[in-house]
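What follows is a set of structures for review.
After this come two complexes, each holding chain A, first together with chain B and then together with chain C.
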Partner chain A sequence: MATASIQVAETPLVLYALRRADDALILGHRLSEWCGHAPMLEEDMALANMGLDLLGQARELYAYAARVEGRDNDEDKLAYLRDVRQYRNLLLLEQPNGDFAHTMVRQFFYAGFADLYWRAMMKSGDATLAAIAAKSEKESAYHLRHSSEWIVRLGEGTAESHARAQAAIDDLWAFTGEMFEVDDSERALIDAVIAVDPAGLRAPWFGMISDVASEATLTLPKSDWMQQGGRSGRHSEHLGHLLSELQSMQRTFPGATW
Partner chain B sequence: MATPNTPLWEVFIRSRNGLAHKHVGSLHATDATLALQAARDIYTRRGEGLSIWVVPSSAITASDPAEKGMMFEPAESKIYRHPTFYDVPDEVGHM
Partner chain C sequence: MVTAAFTEAELRQLAWDVAAQVVDPEIPVLTIADLGVLRDVAINDGRVEVAITPTYSGCPAMNLIGLEIELALQREGFRNPKVRTVLSPAWTTDWMSDDGRRKLREYGIAPPQASSSRRALFGVQQVACPQCGSKNTEVLSEFGSTSCKALWRCLNCREPFDYFKCH
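Moving on, here comes the complex of A and B:
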């Protein structure tokens, strides 16, 4: 009944674009799950807006991946017709929304990285990636502003909001290391000045995260044991459930339009 | 849902071609910073604005609708206050 998955020829540049596209799509989808459920209408809109920013980034990156691959795939096929093991997103971004504090901490950790990452990528030798970076950087900067304001308010709010924010930081901390990982396929792109070496973003990211956490009277874990696997398709149990919902329409009614 | 202690804010937007900030609506937020962000997220999604003001609704002193007779009716009979009794030379164009 369901449509079979596509195959993707993952050359280093295709894989690189796919990884960033998957990041944006999966986090964007997670944010869209809040639609109609946020603590207040104002935040409902804010979360949906951020989700739409990310969906826009995902579309441009998928379209670019498909163009570089040069086969029969397009942005829709890449989003809707790949299996969970073919997804290349960071494990952090597929983690369930949990409570509002978990969602905001996840956003904060990622936006802090994405803001630095896209700003650096504006100097990429790849003109398309540099253009996507220029657009995405402004969006990420706002996501960081919004989420860090919330981190401070949750941390300094009530005893309960503080406890929930601290629990979210403790739960999600082990997923932050993956943002700074590099494998051989990316190393070649870094050497060719197409990609940015994320190792160089780690210190400024940590400095920024530490400043906000300290203002919020929250504590960053000392542990440096980190989860990994998302970039090569080894995901937590949550991604399969997310994809089954995200892909259900195209899998059941291939090529459906309206 | 907004809790009772989440204050209400009035939002004013200056559009691309407008000179003055115009009232566009209201929202709930815990403080001015978040009110500004919420205003951006709710009222400028379609490129409506270049500048936002937020003002605590409690800071606004409003006229009493029950007093509209006293407040506004006396002006209704003063048609000579409208600039319609002058011949405007064509060269002036739209005033």
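Moving on, here comes the complex of A and C:
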């Protein structure tokens, strides 16, 4: 990699915006990997469309993080010139696409959370965050409906689709706890009515996930052991590979535009 | 430059009329005024500043729309026009004008319905076919050829059609 990584002054608000931006960018990139490979044309378009929504959300959040930081960084530098350990996304979202069921279960777990999260963030005392949330919640509502319908379709489909959907739920379950994690930096923002307290979202999220899973005749794991680390930059091996592709152009030809 | 013979209010109206004519590159029958994307036009020290609101977060048409507004204003003699994006209040399809809805239908795209049912997870929507008017239609995909459209099919005339999603 030719270009050195940037340094980011991670004040609580910068870090908060970065975490949400990284979530959107990494999942958006994962969805874009389906482009041209989805099981049918309609799904190819759906996955690319959702990826585009997420990329748009990421851009707004990166631009805001850069403004708050007030240094030399901008949305492109934040996306292209930070290394793996500087990324703050949820581990769930960097997991490989796997089969279609894995992609849909990952999408379902996150969209169910994001939909609640954005709606709560619309009440943020920070006007920019509230405005970004007001746009994003309209998009997440569609993402949630799309993935919920697929969970039911896969669960109630053939023995093969049911088995794959169940395997995906079992594989990804341990990554869901991280969505509700809060550290000291975020706690201060929650107290200041800027950040959303995810603790209050856990029960509605679980209720919604359970209802859809039950309609889909799928079972949620009983285990409550949860993987964590993404929010502080400790990632699975998959993120480095993803970033090497996402960043290769800017790292090789710094500042390239077209 | 459109000269100082105009009052500021007249200049503003002129600039608004020019900006309002810019069309959506993906749906060229709709102007940004029809869409409700054009939010405000202001004159600051003789310089026009146009405020637009993005439809979908990642809609790639927004960059082009901004560029088209600048070009249209420059063609009419406004120097260094500026386009800025406002996020709040968030754009909604409820802002689309009745004229815009009619033009969409005539173009073959079913206009957005009232947004009340958007939250229903497995809610049933009824969308009339823009070709034959039948309500005997079904959704093929929630995501269509652009961020703002879903793909539907008419079971009466058998034609597929785009539906401009509620947002």
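FYI, the second predicted complex is superposed on the first by the 257 of 258 C-alpha atoms of A that agree within 3 Å, B and C clash if a C-alpha of one lies under 4 Å from a C-alpha of the other, contacts with A are read in each partner's own complex, and residues count from 1 in each chain.
Methods note: a contact is a pair of C-beta atoms (placed from the backbone, for glycine too) under 8 Å apart; a residue touches a chain by one contact, two chains touch by 3 or more.
Please read all numbers here as calculations on a predicted model, not as lab measurements.
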Chain C versus chain B on the shared chain A, clash or fit after superposition: clash
First, second, both or neither for A:Asn49, with chain B first and chain C second: both
Touched partner set for A:Ala256, first chain B, second chain C, both or neither: neither
First, second, both or neither for A:Ala4, with chain B first and chain C second: neither
Partner chain(s) touched by A:Arg145 [first = chain B, second = chain C, both, neither]: both
Partner chain(s) touched by A:Pro39 [first = chain B, second = chain C, both, neither]: first
Chain B versus chain C as contact partner of A:Ala203, first or second or both or neither: neither
Partner chain(s) touched by A:Ala159 [first = chain B, second = chain C, both, neither]: neither
Set of chain A residues, in rising order, touched by both chain B and chain C: 42-43, 45-46, 49, 145-146, 149
Chain C-touching residues of chain A, taken from the complex the two chains share: 42-43, 45-46, 49-50, 52-57, 59-60, 127-128, 130-132, 134-136, 138-139, 141-142, 144-146, 148-149, 212
Interfacial residue positions of chain C with respect to chain A in the complex: 54, 56-60, 87-92, 118-119, 121-122, 140-145, 147, 151, 165, 167
Complex contacts: residues of chain B adjacent to chain A: 1-2, 6, 27-31, 33-34, 37-38, 41-42, 45
Touching residues on chain A, where the partner in the complex is chain B: 39-43, 45-46, 49, 145-146, 149, 153
